[in-house]
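Residue numbering begins at 1 within each chain, and the chains themselves are lettered A, B, C, D, E and F in the order written.
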């Protein structure tokens, strides 16, 4: 760990005694952003399968013939 | 005008017929305000400090709960469609309905407020300010709430939705209303708060009927 | 997010493709700016002599707070456009912005609370800013809950737009009322004392992070709007063509975007 | 003269109908027919102006209904699946207030007469909640006796009615048509109005 | 047992489907508790003193409001008739319905309570007592409330009636629940209050299903 | 064998009927007829045990229904004015859960089959709120395909149904009666079940 603030990794992690608060903030933010990206991916996948199904079977009323 | 008076008459007849329903708001107001001393404990100083705030929160909750009655019943039984299909302009009868709603559920709160205020040890002058603030505030609550009620018609989870939508819009009314009473209690004066409340009321009166008309059109489809 | 030629791009089919091309760039910009911002926040910015390292929360807290308010404005703007010109895309953009906005509002509440504990000794106080941010969170939740409760997309669009507009009228009223409410009772409870030399680094860090969050918000909103477009338009010809399959023939009305030739996804 | 041109209706993701045209002139009866879920109710609501068509236009005497809303609604009566009868009001009050709201105030005797004609003479003052299913529908139908609107839009007005009421309603329709009124109607039961050959509109 | 699991499944599916509705109680709980500081003012000392009482009053109101959902929807659409016409004993499915109601509207309150407590500056130990008191108290509220909900089915003014009927029975729960928290805040201890709450819960559990069965029979005619 | 003996029904201050007797044996169809408000719904609810008769007794295989409630209800299905269809559940879920609750769990395919038979195959997964009036009634009627109850009590099962559904229901009744089932029915529309001469009970 270089820079003018920290002399070691553990010092960096310790955050001058405020680790819980600082990492709690940045960590939860990172988690939320990652979660949002994952959710967006899942939603896109779901939308695409939905579209494929619709294209294959046509509209809802044609589902009947297909089934 | 004829249509408006017919509407008012109808709303008031219905309210008389379902008296229990009309009393819900009032009753709720009373119990919320009366439960607090039970929950918080009997310390009179603490209660006096809380008084204005508690009564105003109770009024706000009561107003919010009574919103369900504003359009929902008429929507369910088809009367709302019939109203929309009358030749009268929607803004007119919507204003009439909101007025009736306030007469039935807002005015009793104002009349009951002094009784509750006394439970919290408010003095005569403080009670007067409380009533004035409610007189200016409750019609604003009815008006603003009507937008939420109209938007959530017939939706799943209508109850919570209307609270969720309306609550942020109610906050300024609550703050100025309770602020006026607190101003009287602390001796800082309450004119500023009251005139702000009046401003909110005027703004709400000018804007909401249009917003509600738009919301009803959206909801009725 | 504004600045597109609305009339040209207000067709979902065209916009879908355009957004698809832009998204990677916005994500990349967000990542780069984010890395730079984090570098500034942790390595360039010195330790605060009063608050110690806890103040570093500012670098996520303030950008999130700024963006939470800005996104609400953008959302209301799209809603107004939608109501005025009846463009479906505007409504879709409004719906696409809301979850990201709510997420950032939550971030600012969360980081604020985590900052408040070491500095004020309380997770929460009823300060004007905090209170109005909480109410902003409720405004977002209300918008999303209303749209989620409506099955018919057309009604959902319009109802959501209406409440977003009503909300935006109220935001300044809320802000000032809460501010006044609070200051009447007690003096301002926070003021961050920083050395003037530090101010420049801090400001730079916050600005870079804010830009990063902004880019991220755009990327997320565009991804979401693409999902919404797919979900809503899955019956239309252009989606079928785009996915390279013959649509099932059915004798229904032509939907908007029919015949647009679209290459690539 | 009511006209619909190339109407289309989309509910959820389904297109219920498209390119639908119809015209309804004075003295004519238009029967909208179709299986359950084919979109009859949706069409009638569209014609009333309660539902915006996805595509196409509806006009009243040559003017789009959206641009002459007040005049149009003053000349129109709609009777939907929900009978707009308040459970807490008596039959008399229900009808009386409905007429006032719609802007055709009728005297007490007219109102009583209309209810009596529909066989509700003995329960004028019973709250509607204690009326039977069919009696409630009759209260709602009594509006048709008092309105002066020329266009009647009726969604399954015959459900829950017994034979006697069926005949009453049919003769009511006949009188209205004979006076040059217009009726747009859906029903799954057979309707016969003396002296009128209904036009039909089939939804599939 | 089969019927019970089917019933639970149905209730939970419905709750998931009408998520908004299920969240009503929770949301109401949150807003009542959050409005108070807005009404009363931001003074942290005052808020800490009020904390336990406010959260408990909010929980009580939330529980009372969610009673409407317990039988009313099933009554309106004819499901309740069908349930009564099943061969299963009414006591069994009524217990199932109340359990589902508590899972959907009571448990979330307990989980949310610490967040609200923090807004009022309650400490860790105080928060623990708050959660315990709610864990014992909210099922009792659901059970007792079910009687009121069943008795007022389909009546005009159901809303106010159910509050009127249920409120006096709720007051002891409120007093012991808020008392437990206040005991923790003032350092007087809260075991006695908690064990009284437990007693109320057991009593309610043994008596209510029968009372509700009788009430439903009366209401359905 | 269902029997009612000298039943009387009072609603409000009116006596709707009194000294009413009826009997319903295996394979028989009992049509309850009468004008609107004559007390048909009240009678059926009485027979189900939802409404206590003012006077008289109803018995099932010779035992008063109050004293053999569980057995009686296990063998009975009631279909009232309110269709017991939850707007928030899909057609499939509605039927599936209704069957489980009533204690005749049916497999997924049975449920789908029943809905398909009633022409709802394409809207299995639509929430009931977006179904049309008639489609909702069909969802409720699909229970009749899955139940093993011998006694069916049906209050106006034909309202809002189109011709196709009418025929389906009538053939369903026919099959049930042919297997020795019993049906008690009210309707204002004509019913014809092949091979069965209905008994009628006239309320006035």
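Definition applied: a residue touches a chain if its C-beta (ideal position, glycine included) is under 8 Å from a C-beta of that chain, and two chains touch if they have at least 3 such contacts.
From a predicted model like this one, the values you see are computed outputs, not experimental measurements.
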Fewest touch steps from subunit A to subunit C?
-> 1
Two candidates, C-F and B-D; the one with more touching C-beta pairs is B-D
So which chain is farthest from subunit C, going by the mean of the CA atoms in each chain?
-> F
Averaged-CA centre spacing for the pair subunit E and subunit C, given as whole angstrom | 36
CA centre of subunit B versus CA centre of subunit F: separation in Å?
-> 45
Residues of subunit E that touch two or more other chains: which are they?
-> 17-18, 20, 38, 41, 156
List, in ascending order, every residue of subunit A touching at least 2 other chains.
-> 59-61
In subunit F, what residues contact two or more other chains?
-> 81, 87-88, 123, 126-127, 130
Which of the residues in subunit F come into contact with subunit D in the complex?
-> 11-12, 34-38, 41, 81, 119, 123, 126, 130-135, 138, 156, 159-166, 188-189
In the complex, subunit F residues that touch subunit C | 127, 129-130
Within their complex, subunit E touches subunit B through residues 17-24, 27-28, 31-32, 35-36, 38-41, 46, 49-50, 52-54, 56-57, 60-61, 65, 68, 155-161, 163-164, 167, 171, 174-175, 178, 182
Of all residues in subunit C, which touch subunit F in the complex?
-> 151
Show which residues of subunit E lie in contact with subunit F when the two form their complex.
-> 2-3, 6-7, 9-10, 13-14, 17-18, 73, 76-79, 81-89, 220-221
